[in-house]
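Take a look at the structures below.
Presented sequentially are two complexes of chain A, the first with chain B as partner and the second with chain C.
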Partner chain A sequence: MTVWRSRVRLWWAIFRVSVEERLVYRGDFAFGTLMRFLPMLTQIFLWWAIFDAMAARPGETSDVNAIRIKGYNLHDMIAYMLLVMLARAFSSMPGLTSGIAGSIQKGEIKKFLIQPVDMLGSLLIQRIAHKLVYYLIAIGPFALVFFLCRSFFDAGFPAPDQLFGLVLALVGSFLLGFAMEACLGLVAFWLLEVTSLAFIFMLLTFFLSGHMFPLDLMPAPLDRLIGMLPFQYLAYFPSAVALGKVTGEDLVWGLVIQYLWVIGCWVLCRWLWVRGLVRYGGYGG
Partner chain B sequence: MVTRIAPPEKPWRLASPKTMPLIEIDQLSKHYQVYQKQEGLWASVRGLFHRQYRQITALDAISLQVERGEFVAFLGPNGAGKTTTLKILSGVIHPTSGTCRVMGHVPWQRANAYRRRFALVMGQKNQLWWDLPAQESFRLHQHIYQIPAEQFQATRDELVDLLGLAKLMRQPVRELSLGERMKMELTAALLHRPEILFLDEPTIGLDVVAQHNIQQFLKHYQEVRSITILLTSHYMKDIEALCQRVVIINEGRIQFDGSLAEIVGKFDQERIVSLRLADTTGIADLQQFGRVTRSQPPQVQLRIPRSQVTSALTEILNRYQVDDVSVSDPPLEEVFAHLFTQGREATDQGASAPKEDMAGSRRLTGEARH
Partner chain C sequence: MADDVRTKPQQSANRIVNEPIPDATAGDGITGTGPLVYWRVFRTFVRNSLVRSMGFRANFWLECVSSVCWTIMNLVFFKIVFSYTDSIGRNTGWGENEFFVFLGTTWIITALIQTFVMPNAQEFSELIRTGHLDFALLKPIDTQFLISFPQMVWSNLANLFLGILLVGYAVLRLMADESNPLTLGFTQVGLYLFFILCGLVILYSVMIAMASTSIWLGRNQTLYTFWFYLTNFYRQPMEIYQQGMWGWTLWGFFTFVIPILLVVNVPARILAEPLRPGLDERTWSLAGLTLLVTLLMLGLSRWVFQAALTSYRSASS
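Moving on, here comes the complex of A and B:
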């Protein structure tokens, strides 16, 4: 009991320090928030252009809104892109991989070997703190954008059960994103330099998570493969839930599989940490 | 709070737990594999497939015991194994062979019960939150080490007072000077009242005043709290000011373990005699008394074997008109430099180290260091 109480106190202390640290850099922060919207805008314009071009083809109906790509009309596509932006605000982990790799390379990791505190746990709490601060500030711009774009959501505001599913999927995407990128960072115990690996991972995430386009646009054999990978839970899955594409039993199963991936990646993370430390103890320091 | 259990393989220690050494190192060795890269592009490509490794011995079967309340300095050239020893003792790395127990714990098992009882401060590494005032890091330490609130406040206030940090508590760590940061690091490390403090180059890069302050603080704190401190340093001033016991490590082996006075007595067989002559005639003849190390008439500096200093001085004062005379020990640096090179010669040329040109090698190393 007291063990847990002091543990929770420690978590709270880490959380508080992390929030304070985050609030130091106001300029960087505001800039980072804005920057999240820009790429999304270009993507929305890109899809707009694609739909326009399709509508302009001879023999097509000239009404843009009647064009569909595998079931997506222009509104669906823009709504999807906006939701992906929301999902990535949860699942992307800027600086996590490079941070872990850097602290292994520079030996800052020693701190966590000497002090009675767990590094992965600390990093997770730190990240939660950073994300919460981010949401607190970004909720304004996000709400504004979604409000301005409300006409694109043809299905309207999601139903309560859908909304609940969305919240779970977003939290899951945060945990999964953290675990996957932390694993990648821990590879530095063996490779020391993980920059190129992180770059490959970023590219894979971009395509396989649905960040670039909805995954159900993928042709037949590929979509099966992608369905078996964890990436889709970082962006596509939460967006699909919000759009009402995944409902009922599918939603429940989707969440179960998502959280199984979370557990799996977290276990892998722990394993890499333990094995990495054995190696570090033998070679490094 | 923590019951200390004697190691099972040495049950006789149970009878007298008070005499049990705080730190016991037995035949500790550490070898590293280091990737050997050949020069050139082709060799780099070959290195992708076939790598050559060289084994480096950082520690070679060292044994050592430290009692509670000792202030021990580890001394040696770069790469001698000092930091490796501290890393093993603090559980950061594990040895290739040998055993080690600190307060009954095997360090590299990293039990929380052990980690709450020591602290490690590395001169160039920062364990404080860079962008926040140190105060925030201190509070975090309170929870990491589960320090009761009153004890935390008392210890913090005491340390802040001793180190004169009160005004700096609200300043972000990144805006502190190196010396101030080091003081903050020490405070953070001592908040949980560790029984053992490992210090790796605590004064590296500091100016003389800051060095002195840190020394004074360590000395005072060690006396008052009677904690055990193991320190590595390159600054002889640190060692002179602080440590009763000096362990000299070179090439992974312990070359000397004893008091500073013993070292000086044992290895330092010359004294420096500085003269200012009123009349410089016959100045060249001075070399019959010893080795002339500097001659800038009317100033002359001589090295005279310890046993002959008195007779030589009498003779000199008889023969020459001397304005001023002083006798001093060679700088400590020189003694150690000599020791280190002696160790290297011993390993290079077998057990019998050449003795005939001690003075020569001393001069060389002295020059090399300055």
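Moving on, here comes the complex of A and C:
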């Protein structure tokens, strides 16, 4: 019991420090979040032009809203783009990979070797704290944008079971995002310099997670491949759940696979950590 | 989108200080101001930045690969879009091949700006913050020239070649189109290149004016963010904005106030002739506007730069 009590006290201390650290830059934060929606404007106009051109084809209804691409009409497409922003607010981990790689390069992880604190565990708690603070501040801009764009959500507010699925999917996307980026950071034990690798990984995530466009649009051989990768659970899956594109048994299976990926990546993380420490040279101060 | 994308390796702030001014001025001790001196200084900039890039060869190639990756993803996205529709916007003429001319032009312009302009705009901000701009002011050469060109990130040029390839491919496809072939003359290609140059000047002016504001603000960390938002607007055919109050407002703003919509649209229209045969009246009037705007922007940025310099307080010295 006492072991657990001290552990929880330790976690709580890390959590509190991280919260306070983050609250320092709140103004900049809120404004930055609002600015992030700016590119959405172009997206809306671009998709409108695409759907409009499709409606203008001979034999079509010439009603933009009746046109569908793989089940998405114009409104769905815009709603999807907004929801992806929400999902990425959970699953993106700015600075995690570079932070881990940096502390390996500079030898800062030594402190975790002599203190009774687990590095991955404390990073996770810090990240949770940072994210909570982020949501606390970002909820304003997010609520504003979603309210302004409410007419694009044809299906309205998600039903309770859907909402429950969405919450689970978002939490899962957070954990998966953390585990995947932490793995990438730990590769620095072997490569030392992972900046370019992290950049390519980020591009891949952008494309394969469905951040760019709904993965349903992917052509035939590619969609099968992407279905087998974990990236889709970082953005596409939560958004599709919120839009009501994944329901019932599919939803349950989707969540199961998502959490299996979480466990798999977390195990890989641990393994990389243990193997990495064996190789670790302890350069620097 | 990819906002936290490229955090370029921070380059040392006092680069300009260490940059040897070529012997053009050294020989007879005359601080020449003729165009020849500028050319020699520019050549030194090119040589130095190449040496710097090639010093870390593996990193250089990785950087090339990553910027090419980004561009390819862009292409795949539009390939997928064109598997569902045959044009972007109703009756705009931006069919697949026409649009690929547009897209390739976007890559060419973006690559050139990211190679030659962005690193310097960023560095200028940094020079002001650290007070190292003093050393640039002391050099017997135009300050705006000296801060505009010293650094070139050559790996960004990879996309230039991809852009040329895509434009070439799409133009050939358009010329082979049997129902409505594209016919190109030397004048048209010349105009295309000329208006790409105009576009570059417009973007350069916008970025230098933006960077100059760091003299008043102390620091301008948002420069890359600002650039990212700008690219978001200029990389689309302007027709997509031309509907509804919001759309027209955006169109008007980015055509007349910050005229970045002209940057890619005008050269791409001239080469791809979306409304074939021949160039329509709109293209010509846009081209005229671009010419005017280019001169105006260049003058304006020069004015902002010099006005900002008079407020320079030389921090930390």
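Keep this in mind: the second predicted complex is superposed on the first by the 264 of 285 C-alpha atoms of A that agree within 3 Å, B and C clash if a C-alpha of one lies under 4 Å from a C-alpha of the other, contacts with A are read in each partner's own complex, and residues count from 1 in each chain.
The working rule: a contact is a pair of C-beta atoms (placed from the backbone, for glycine too) under 8 Å apart; a residue touches a chain by one contact, two chains touch by 3 or more.
In this text the structure is predicted, and so the values were computed from the model without any measurement.
On the shared subunit chain A, the superposed partners chain B and chain C are arranged side by side without overlap.
Within the superposed three-chain model, A:P116 lies in touch with chain B and out of touch with chain C [touch as defined at top]. In the superposed pair of complexes, A:I257 makes contact with neither chain B nor chain C.
By the touch criterion stated above, A:V171 is placed in contact with neither chain B nor chain C. Comparing chain C and chain B on the residues of chain A they touch gives the larger count to C.
In the superposition on chain A, contact of A:C149 is made with neither chain B nor chain C. After overlaying the two complexes on the shared chain, residue contacts for A:L10 are found with chain B alone; chain C is out of touch.
By the touch criterion defined above, A:L268 reaches neither chain B nor chain C. Once the two complexes are laid over each other on the shared chain, residue contacts for A:V133 go to neither chain B nor chain C. Superposition on chain A leaves chain B and chain C with their closest Cα atoms 9 Å from each other. Note: no residue of chain A belongs to the chain B contact set and to the chain C contact set alike, using the contact criterion stated above. Residue ranges on chain C touching chain A, taken from their complex, read 1-6, 9, 59, 62-63, 65-66, 69-70, 73, 76-77, 80-81, 83-92, 225, 229, 232-233, 236-237, 239-241, 243, 246-247, 250. Those residues of chain B that touch chain A in the shared complex are 32-33, 84, 87, 90-94, 108, 110, 112, 115-116, 118-120, 122, 125-127, 129, 131-132, 136-137, 139-146, 172. Partner chain C is touched in their complex by these residues of chain A: 35-36, 38-39, 41-42, 45-46, 48-57, 69, 94, 193, 195-196, 199-200, 202-204, 206-207, 211-213, 217-219. Residues 6, 9-10, 12-14, 17, 20-21, 24-25, 107-108, 110-111, 113-117, 280-285 of chain A are the ones touching chain B in the complex.
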